[in-house]
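Here the structure comes first, spelled out in structure tokens, and everything after it is commentary.
Chain nomenclature is as follows: A, B, C and D, assigned in order of appearance, with residue numbering initiated at 1 for each chain independently.
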């Protein structure tokens, strides 16, 4: 199978992870072009990864005839413009989450994609591609836990990186749109349903500055899904133990719990603190393999003409939920999704 | 220290557990009298435990001059009457949860107890006395986890006893008043606050008969406390793995999780199912030591004139929350506590 | 059932635990007499537990006609003499481990007991009565793990009590006879076989003073049993995390592991150390319930005329193994048991 | 950095894993040539991985001027010949474990390598490169657990692949040389010492055919190291739960335990079996990332002129230990290493 030729737009922290994966860790593709607003950074990464086609202007990358597919890892506000650039140039698109920073823009993205039915579009909710989540989903499809009663989702950043977290906070989009949106996607994926009613709460338990951004440092919410499944989510910015993403699916026949102890090591440490497991301290380590697996899947879809999931609609729905949760949080009211 | 002489009213399943503890496992007291509507059962237990004072009428037990304190383990509907009988006869009272089946009756209990300020009254929310919860509470008081952000409570009966669960269901009071009331007490105890707003949902995911009792086989709810702490509870009737009561306290400095694997054995079984921990299959085994510890504490309070907690007001508040949750569940509305 | 009237000889640290259990926590018996070389201590405990028959001389306790059975919790060197006193006075005997400090004395104990075939004798290897070990044994008897391949035993005291450990060390009998003897009993019990060959090693890894007592602060050994099962034991005096007794049985069909995380709490602590379980810091907490269960079993055997296990022969065999291990350790030679 | 051009000899099961890693998952190298006695297989892999230089004769691969380094993944008996071929052709060598099937051949390998001091040689004991082992080693070097007292090593194949295990057994070299040799390397690496004395035992607990190969289906052994550290190893062919490689290092200040639950998933399954973790069922999944990491390290050593570990001497020593253990097992005698 010929390797898919991918150009990447955006090689910041997460973009760099994707660039390395595309270049070196995903057999199905190769990295052929790089674009970044910071052209020096683009050149540096290009040199490291052996990519000579380096562009300041993403349009140039999209129009590079050697590029077959474009990976968009830019700031959220530019996603939809980039999707348009790439698709209008006839390129398949992999776009990082979240799809856009407003529901209106999400709908615009849907139109663009609809206008290019021959091109593949995939949204990067990478959690779905994590090994543990994939096993869980297979067990669910296999009927191992019966029908879904409750999905519980925790997403916590570690206190160890709080400095960066606080710096990034004002332009992050906030807890609901930046962080919990992953869980909104998981809730939809795992329940197979949409929220009917939701109520979100929270506050500034330690970092009062979140108030200035109409946000909380810790928030949570309860949802009633169309199919009556229940969903609870919690998001925090400063977990003592690590980068803690935990998901639980309670079913009528059994329960699956993913990552109650968030670690990639099989090491137990016996010390004066007891028997301890040390945890992930950053999300890129946590999801490293999931980023690879989602890219393999994207290549596979392009190469075999398969429609990938999560798709643009998944992006729109998760964004809708995020905005309604934020509204519920701000008004302290029970809301319907629409 | 002289042993406290306790008479017990009600020696059904849980009453028998208490009777055995009082007679044989709590050094601070002795069992001196037994009353049960089923007099044959009372006699049988009396014979087994060497107690000759056996009464059909609880009034007779309360008036037995040898009895110093009365343990009430009857059906919920009779609790307040029993409290009155015992206190009017000048006896200290230990009463099983829930305090009563209506808030009105709870308030009546408050009056009775207020009228006997010299007598000790304690309500049996035994979870507070479980070893793990006591360690957790001490760590919280010690400031180990900072301020409380979220309390999460699960209470699940095991599928292995579903037959009994379903038989008992119609007269149990329902998920909120019978089961989740424990968690309402824990939430109040662990947050040190009262609910400001709450929303409860759920449904009949497997056992449709719960519908007939205006109940669900699985329910959950989210609460915003007066102090802005968040609380989530979930209650189910048929967990595949066992009698699963799990409580988690997320704080600004750390998190405490109690009983993610609900077992009293330190055994791991390596089999074709993987590495497994087998779980409790009934609540009496789960809380056996907590029932003993709460009775030791009750005796200690009587003997030393200490006001015990949980008290009657804790019973009223938990009942109030239970009824508001049920109302929220039935109306599918966001409610305030009052 | 009439309560068995027990007199206790020795109310030091562990003797006090037994005295409290007999008096207050084992329904099948009552404490009717106390003897201790330290008569003031005996009186103090008697007062606390409501026992008026207090003796300086154990012979007097044995001859007290109100005493039906004697619990011997004295120093090891006096065990056999106490057994003789008690049995010659016609009393059933529960004796703490180890049976004696020499194999010769063990054999003498066997003779004494043989001479009183109508009296019950039980040796207190309490680990067999721990809930987790009892479940494990039942699973083995049920065939769940097939045939035994390997038994692995760890016994470690915690560093938190090292001061007391070092003070007690010179008169403890040493690692093999004081500590590992528990594991020798478990190995015999779990494999159903006797050692054919053994090799023990070790050293003074931190506390050089053990050298003066012909001992090591950490030792281990490998045994080949008559039935070809393998057994490995390890004993240490200063585990960082706690009082760590771990036992594993590897079978042809499965494996059972007991107490890899030695704790009586169901609490997980999420902190900067990761996800931690805090551990037992003393053996009396660890085995509290086992001490109760073994006493219940002893009473039951007396009351129903059942021959109890572990018996005197179990004591002799474990002592034999301990001495051969010590010899192997001192000579650094592979030895047979006999 | 220019990618290291590697030719691989042997693309059987494990060879194929290495070939894929070199070609697609290790950024520091590329796969430029393939040789296999089964030329059809070599061609097939070459086609899949885009490698056109395919040879039946390994000598041709070694002499291919485009090849800078050779990875040897052939049967053990041919390792030393292949090393000679490659080094005489001026190529750096990565060689799978075990180094050779006799100590004499190991020593011959040492000579060959000594004769090419300018070439890099590395032996593939991949366990050292596993993430958990690397963290453990770093903690040890950091002094976190003080001095090493005991290393305990388990290596068990799962029952789920027993058919293949038994087919491979006659030509595997046996438990000590094929399986436990990994643990012998770990013991040397973790204690920093060589065995002084050792005793190995075992038997045919289920699969009597191992007797025909002078082997056991389960074996274990105890070692006393030159520095007085103790080491225990256990190897089995049919663990019920999975591919179970567990290593524990007990130190004077703490203990490290790796892979007590051997799984790459963060999933807990709550079912009628309790709370379960499912385990690895094959060694290639277990060590997938370690195989990649060791190859990255090898490339790094070649590119920067660093002498890699494990080296040829590590191979010789582990083989020596394996043979002495086998001798001890067959004679049932305590042996010194030399």
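The rule we apply is simple: contacts are C-beta pairs under 8 Å (C-beta built on N, C-alpha and C of every residue); 3 or more make two chains touch, one makes a residue touch a chain.
Only a predicted model underlies this, so the values are computations on that prediction, with no experimental measurement involved.
By residue number, more than half of the contact pairs of C-D reappear in one of the listed pairs A-B, B-C or B-D, namely A-B. Chain pair with the larger contact count among A-C and A-D is A-D, by C-beta pairs in contact.
Note on chain placement: the centre of chain A and the centre of chain D lie 37 Å apart, centres being C-alpha means. Centre-to-centre, using mean CA coordinates, chain A is 56 Å away from chain C. Counting partners per residue, chain A has 239-241, 253-255, 260-261, 263, 269-271, 278 as the residues that reach two or more other chains.
Interface residues of chain B, counted against chain A in their complex, comprise 145-147, 149-150, 152, 197, 199, 201-203, 205-206, 218, 220-222, 224, 228, 230, 232, 234, 236, 238-241, 250, 252-255, 260, 332-334. Across the interface of their complex, chain B is touched by residues 159-160, 239-242, 244, 260-261, 263, 269-279 of chain D. Across the complex, chain C meets chain B through its residues 20, 23-27, 131-132, 135-136, 139, 144, 253-272, 278.
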